Every structure is written in C-alpha cells, then in structure tokens.
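Attaching a single structure in structure tokens format; questions to follow.
In order of appearance the chains are A, B and C, and numbering begins at 1 in each one.
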Amino acid sequence: MPYLLVLPTLLYLAIFFAYPMVSALQLAVQADVRYLNLRAEPDVTAERLPGTIAMQTVVDIIDRERGEEELASGRTRPIFWYLVEAQTVDEETVTGWVNQRNIFVESRTESVTGRINDGEPVTEWTTRHIRTMVNDFRFNSALRNTMLMIVIILPIQFVVAIIMALVLQAQPRGSTMFLYIFAIPLGISDLAAGLVWYSLFTQRGFINSFLVQMGILDSPFIFIASGQLGWILLAIVLAEVWRATSIVMVIVVSGLQAIPRDYLESGQVFGATLWQRIRYIVLPLLRPSLQVALILRTILAFQVFAVVIAISGGDVFTVLANETFRWYDRGDGGYNNPNVAAAYAGLIMIISLAISFFYLRAIRSQEETTG
Amino acid sequence: MLFLRKSLPPDQRWALFRNWVRRMGVYALAILISLWILLPIWLIATMAFSTRSNVRSFPKPFFPDPISTDTMQFFLNAEGILSSTGNSLIVAFATLALSTIIATPAGYAISRFVFRGRDAVRLGILSVRAFPIVILAVPLAVTFINLGIYDSLWSLALLHTALVLPTSVLVIASVFASVPYELEEAAQVFGCTPTMAFFRVVMPLTLPGIAAAGIFAFVTSWNEVFAAVLLTLTNRTLPAQILFSLDKASDPFKFAGGFFMLVPSIIFIFFIRRYLFSMWGQVTK
Amino acid sequence: MAKITIENAVKKFGDFVAVNDVSLSIEDQEFVVLLGPSGCGKTTLLRAVAGLGLLDSGNIMIGDRDVTYLPPKDRSISMVFQSYAIFPHMKVFDNIAFGLRMQKVKKNVIRERVQRVSELLHIESMLDRYPSQMSGGQRQRIAVARALAIESKVLLMDEPLSNLDALLRLEMRAELKSLLAGLEATTIYVTHDQIEALSMGDRIAVMKDGEILQYDHPTRVYDTPSHHFVGGFIGNPPMNFVSVRVERHEGRYSARVDGFNIEADDNMSDALSRYDGKEVLLGIRAENMEASKTPLDGALAVEVKVIEPLGSQNLLTINTSQDTLKVSTHPDFFVDPGETIWLRFPANKIRWIDKDTGAAITPDIEKLRA
C-alpha cells in the first residue's frame, strides 16, 4: 500500500531527474555520426569489409558495375555499384564496393573520383563538445565568475542569515511581521530580483540619482559596462544576497528552534557572554543546519542566470548557466548546439555532485569524531 | 527605562542599561534588515506607478509624483505580455494540479506508514530538491524535441512539476504528520471506511497545508525562467518573454515588468508564511 | 556568606501572575525546597533568583548584594536544569569545565577541579566521552558535577530528579542529599514531588498559585499544615478532611459529625470560639486515627468500603455521610468490606481548617505563652 502511494513520485522523479542526468552526460560526450563500410561484392547482402570510412572522404573509383535492386513492390530498378579505393578513419587503405546511394559522383560513367556522402548512423564517444566548451573564449570567464560569485556571496549570505535568525529568535515585539518581511524574498524570482537591482545600478538608476542629488557626483557613474567587472559583480552579489539569503535564514531559524532554550540559559548561568554563547553553544549546535544550507546554496548558486542577464545583459559578464543557455539557444544570439550546452550542464552537475559529496563526507567524518 | 532610576546601585543600573541596549540593538537590526529588503521593492514600485517621462527622468524621484498607471499600461500592452501572462498562468496551474495529485499520496504514505526503505525514499526526495534545473533543462529539451512535444506549455508544466515535487512531498508529509493517526482510527471505529475517514476527517484538517504546498508550486512555476526559455519558443511564459525582450526593452518596460513579476510572490508568501519552515527549513539527517 | 532574601517578588506573563508578592528568606548554607504543583510559580521564582527572568517588582538579595537586575553571571550562582542542559557537542570534561573556562580559571586548576567533582559523582571514567552515549542518570551526574565545579555560593536545582525513572530517582535522592550536605552552598531546590521535599529539605516552602502557603521544617509542614492545600498536597495518602460543625458543650468545643462528637484540644478553645455553630474542616492524617474492630469509648462507628493491603499497612477507605476517609492500619488489621469498625480521633493530632479561607485555625500563640 505505501509503496503504491509513493510510486508515482518515485517514477516521476526518476524520469525527470535520473534520466536527464544520464542524458546530459551522454549528450556531452556522444556524437551522432555516419560511417560507411565497403562491401566485398557489389551486392547489398554482401559481406562488409573491415575499416570504416568517414563522410566526405574522397575516394578513387577503380571499377563500376550496373546492377539491379529489387523494390518492395516486387519490381526492379537499375543501381550503380563502384569499386573504390579509400582511406579509412584509421588511415588504412581499403578497396571494396559501394553503391550509388552512398557516394556522390559527377558522372555515373565517367568520373574517376567520388565523395562518400552517406552511411550507417553510428553514435560514437567524443570529447569534441567538451573541447569546444573548454576552448570557447567565454568559458574561462564564465567559470571564474561563477566561482567568484559563490566565494563572495556565500559568506555574506551566511553571516546575514545568522544575524536575521538571531534577531527573530530574540523575539522583539512584532517579530511575526519581521519574519514575514524577512521571508518576502523567498518568493521573488531571480529575474525580478535582477530587474529590481538593475533599477538601482543602471546609469540613470536610483544609486546615481541619490549620489547626484546629494552632490557626491556631478554626473551619473556608469556601473554596468564592459570594463566595469567589479561593479557588475557587486550589483549581482547584492541582488543575490538580497534575494537568496532568506532561504538560509529559514533553515537557520529552524535549526535555532531545535536548540533547547535550556542550553543557552545554562550558558548564561555558567557565565558565558552573548558572544560566547553564540560562539560555543549556538554555532556548534547549528552546524548540521548550516551544512545543509551550505550544500543547498552552493548548488543553487550555479543556477544564477536571469539576475546576470537582467543586470548585465549577459555579454559583458557571464556565468556557466548563461553559457549553457547561449549554446542551446536556437535564436539569433545562440549557437544552437545542444551537445555543448549539455557539456556545460554536465560540468555544473559534476561540480555540484563533487561539492555535495565533499560536504557530506566532511559532515560524516565530524559525526564520527563526535559520535 | 529602569536604568535611569538613581535609587538603584550602579552595578544594577549598568546591567539594566546593557539589557536595554541589547533590546534596542535587536530592534535596530530588525528594522535595518527590513529596510534592506523593502527599500528596493519600494523603489521599483515607485517606478512602476510613475509616468513614463518620470521613469526616464534623471535624477529619479524617490516617490511617485504624480501616481500614474501609464508605465504599467505600457508594459501590459507591449507585444506578447498578456498572452505570455496567460501562458504562465496555465503552466503554473497545471504544475499546481499535477504536483498536488502526485505528491499527496506520497506525502501521506511517508507520514503514515512505516515501510521498508522509507528513510531512503525521504532522503532521495530530499536530495534531489537542490538539483540545478540547468542540468535538467537541456537534455529534456532535446528529448522533447525528439518526442515532438517541444514548445508546449504542458511539457514545461511537466518539468516544473519535477522541480517542485520533492518539496511538495515533504511539506505534505509534514502536514499529514501533524494530524494524529488516532483521529483516523477514531473515525473508523465510529463507522467510516478508511477512505471515508481520510476524506471526512484528515482532508479537512490538512487542506490548508496542502493548499500551501500548491501555492508554493504555483510560485515556483511562475518564477522559473531557465527551463521556460529553453523549452518554449512561440508559447513563451511571462519570465521567458521578459527575458527575451530585455536587450531591446526600454527602462519603463523593465521596471514595470520587474514589479509585475514581484507582486504575486509577495502576496503568496503572505498566505503560506505559516508553512515557511516546513517548506524551506526541513533539515532531516 | 550567602543568605538569600526575596522581598515582595512579583512576576507576570501577560495577565497571568506567576509569582504573586512572594517574600522568602533563606539562611546561609540552608537547603530550601520550593514545593508545589505545576504552574504554581516555583520554577519562575527559581529562575528569578538565577537571573533568567527579571522580576516585574520586588527585590532579590544574595548575601549583602542586591542582584535583582543583574545578569546570571554576576550573581555567583550555579544551576542544575530539569532537562540537565548538558551540551551535546562537548565532551563530559568540557561540559564540567564550561563554567570554569568562562571564568578564565587557569588550566591546571580546571583539570584538578573537574577531576575532583567527577570523582565525587563517580563519573571520572567518562570524562572523554560525549553525553549522547550516556544514560539519563549519568547525564544527571554530569549536570550536578558541572554545577558543583564552579563552587558558587548559591546552588539552584530545578526538578533535577524528575526525568529519572522511579528506582534511579530513589537512589539519586539519597546520594544527592549526602553530597549536598557536605557543601557550603546555599541551595534552592524546586520539585513537585512531596517525598523529595520531605526527605531532602531543611525547610520547605509550599507554593500554590504564585504564593507561598507555608514555609517551615518538613516535619512541621507534614504534621501541622497551615493550609487545607498543604495538607492535601503533602503525604501519601493526603491528609483527610472531614466537614464538621463546631459545637460547644459544657465549656469545651467539639466537632459534630454524623451525630458523633470529636473532642477538641483544650488549647483550641479560644480559637474555635469564633466558629461556634459553624462548619469547619477537620484534618487528620491516615496514620493518626486509631481503628478498632470492637466498640471503643469515644470512637466513631463507621463502615469499611474498601480495604487495600499495601504490605507495610492496610489502607481502609471509609465513607462518612459527606466525606471519604483514608485510614492507615497495621498490616495485621483484617476486615471485610461492609464490616463496621470504630475510629478514634486523638485531639492533639487534629488540624482545624477554616472552610472559607482554607487556612488552619491555630491557638493564639501569645495567649498560650501567657
């Protein structure tokens, strides 16, 4: 009975999580190609010779023969077979027969060379997409920017979230209202957050309005421009801290609520100051919550996408998710190459899994020592 | 402000003063953080309700003067906005319905039955919660193209459902767990079948929580942009439509669009605030 | 020197008055038990002494120092929590050393002190372990050790034994008593268990609804409860209360119940004179009535409802026309339900209670002396 009830969920998750994960890796390292094998006799049922020939290979025609092929309707029609000498993908020379459907010749009767233009579809393993990804001129900056964002955003988020949680835990009057306000960003999309911070950082935006009105600047300062990576990063960091700190806060508050008040009070009784109570009692007991939040936030940070586009347009500053989109995109700005896009997706997945694995191992080894 | 009382010994006044400072510090921090969250929302709302000429002006006013729906109207009348809003609603409602239908039985099973592998199921569901949609969207888009269901709102809803399903299951499980099993047993003792007991006793008690999970699904779908731009071409959802218009769009369009996307989130968070902790706070070991 | 003086303490939570104008004075090195049912304010009062919840009004002095508004760390107190509040992320050693570390005591002193208190509590072999691996009883010992380690002048204990199972509680009670007897700390001990209170306290303060009803030595609290509630709360079975009418015959007062007169002690005459002809409650402990199977002089004939052989005694349940009485008899005293027995009420064992206020009616002490 319970299995029946969870089955739909498990099936669904298998289809929409497990399958795409495998599929992403597959797309990234596989290519659909066509190869041709020559035949020993001018006949479709004849034995295939070893050695495959790539498409577009130019071959010498040694001999030709006009045969007949039988159609499904029972009638027959003429078909040309060519004896060719060709280089295989392993750069060996083979001689064998190929029929007119697989080769392009200028003249059926006269040409002495031809070009192989069709063959058997084969899926082969390749590092081509990965190489394309790594060699792309945006790859390094996308990787660097993504890592930089994570390194800068996460510590800020955790400090702010812990402060927010402690403020709520102190239960000032109106703490339910404060909780609601602190939680508002939970529902805000990264696109909306990006637009909000765009309105602050754009050339004629609120920050410039403020600075000029206060007389600090004479004319608006251009934050978002190709040479201003620092300012763009700052705007994105602020937008992300603004938007995504609430999730950490909620996790930390849940963690705090699970700490019995007695622990803090006994800390008080035995002489610990506020800072000592936080340092020696709250933070150690909060560690499991913080670790889970850390995994969650690190992985989610790889999804940062719309914020970047909304603030910077996506060209002067780029991140991994943005590149995934660019390579997939079938529109004007995109490269329409799902394989390279999948390579980016696979990269993100591997980094995410590695990070989770690393964190979980760290947690486990700590649990082993603390028993 | 007891610490001002002169009759108290100095060490006590000092202790009271420190208490007072600490309490005021908590307030100051709470207000500061609230401002940090609310101020940007206020500013973009200011823009959304100014005239378009005010939006373009510099320096920008910090209060809308005059208040006008000009900018919002301009945004809503822009090409593709209304239809994409409709698309977004369709996808969001489909996600809500589908995720609720699939997640409710699973949540019930996890909270009510002790079965072999329950912890594994829980952990599995929990661990996919954080999975980046970036990874899922590309291969699924390719698959959908191969299956001929690309550029369809329904296939996007399928993906969004996958996205919210783990959280929905966990929230609904915690909602069911809050209704004691004894109530169901009591209903059965007094003549209900197990199914009747579920619908007459458990359902009414858990409906608000399940609704909250549904709202969560709705908001997630409404906000989601990456899969939306990948999986749709002509049937764009609102975030996808805005994202694609950004490079050509004027500031009034961007500000009004940002505000328009923000409003439902703020309202929905208000309705599900009781369930915040079961939704995002669950840290099961 | 740590005499604790609480004056006119009031603590409210919203509209609920948890501690209502309580004054209490505790001598240096005395062991005082705050006893009462849950919600009576005993824990609130203890927390106020600890500084974990400031009073709304009133004063608390520890020694000569007014500590009313001081934080816990400036009060030279230590405390054992009901839940023990042993830090799960610290080893036993670090738990016990916690208070000393906060006081920045030198390392070698810490080690020596932790060693000493852990030997005192027989947990010296567990110092390197984490509390999560330990039983409730062991955690309790750690909590006590941690409280003793800082050698504070005041030791506060909030229901320290209530989370232990019955057998362990019995064992720890005796051990704790002998342990604390050797200490110089003034101790306040909160419990809802009257046996703990009777067995451990130098004095017991019985609390109800935020007020102290009686503050006295255990035997006096037991034998001469000052209030209807105290008699009913303390003792197992609790004190019996019988509704009687005070009557006066030939200059002596007596209580009339079911057509029978129970003579009052002579020294009660003055006090009872105000109640002539009125209903009062007569309180008497189960073990203080004399039961006989044969008619006795001046004894009330009653019918036995239930007889419960409890090993050390046979407990009889007896109905008068209005009340139910529990009578404790010798285990050899066998009767069948429905049998009639005769009960005698020794005048000096009787407590007289005002039916309206619940307060005990006591002879005027001044007159008694004169």
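Everything below uses one rule, namely that a residue touches a chain if its C-beta (ideal position, glycine included) is under 8 Å from a C-beta of that chain, and two chains touch if they have at least 3 such contacts.
As the structure is a prediction and not an experimental result, all values here were calculated from the model.
**Q** Chains as vertices, touching pairs as edges: which of line, ring, star, complete or other describes this one?
**A** Graph shape, chains as nodes and touching pairs as edges: complete.
**Q** Which chain is in the middle, if each chain's centre is the mean of its C-alpha atoms?
**A** Chain nearest the centroid of all protein C-alpha atoms: B.
**Q** Quick check: how many Å separate the C-alpha centres of chain B and chain C?
**A** Centre-to-centre distance between chain B and chain C: 54 Å.
**Q** So, what's the distance in Å between the C-alpha centres of chain B and chain A?
**A** About 23 Å, centre to centre.
**Q** How many angstrom lie between the centres of chain A and chain C, each centre taken as the mean Cα position?
**A** That gives a centre separation of 68 Å.
**Q** Going by the touch rule set out above, which residues of chain C reach two or more other chains?
**A** Chain C, residues with two or more chain partners: 71.
**Q** Provide the list of chain A residues touching at least two other chains, using ranges where the numbers run on.
**A** Residues: none.
**Q** Note which residues of chain C are touching chain B in the complex, please.
**A** 54, 66-71, 74
**Q** Can you name the residues of chain A that touch chain C in the complex?
**A** 260, 262-263, 265-273, 276, 280-281, 284-285, 287, 370-371
**Q** Give the list of chain B residues in touch with chain C in this complex.
**A** For this pair, the touching residues of chain B are 2, 8-9, 11-13, 15-16, 18-19.
**Q** Flag every residue of chain B that touches chain A in the complex, lowest number first.
**A** Result: residues 22-23, 26-27, 29-30, 33-34, 36-38, 40-41, 43-44, 47, 56-60, 62, 102-103, 105-106, 108-110, 112-113, 115, 118, 121, 124-125, 127-143, 158-159, 161-162, 165-166, 169, 219, 222-226, 229-230, 233, 239, 242-244, 246-247, 251, 254-255, 257-258, 261-262, 264-266, 268-270, 273, 276-277, 279-283, 285 of chain B touch chain A.
**Q** Considering the complex alone, what residue numbers of chain C touch chain A?
**A** 50-52, 71-73, 77-79, 81-85, 87-89, 98-99, 102-103, 129-130, 132-133, 146, 150, 156
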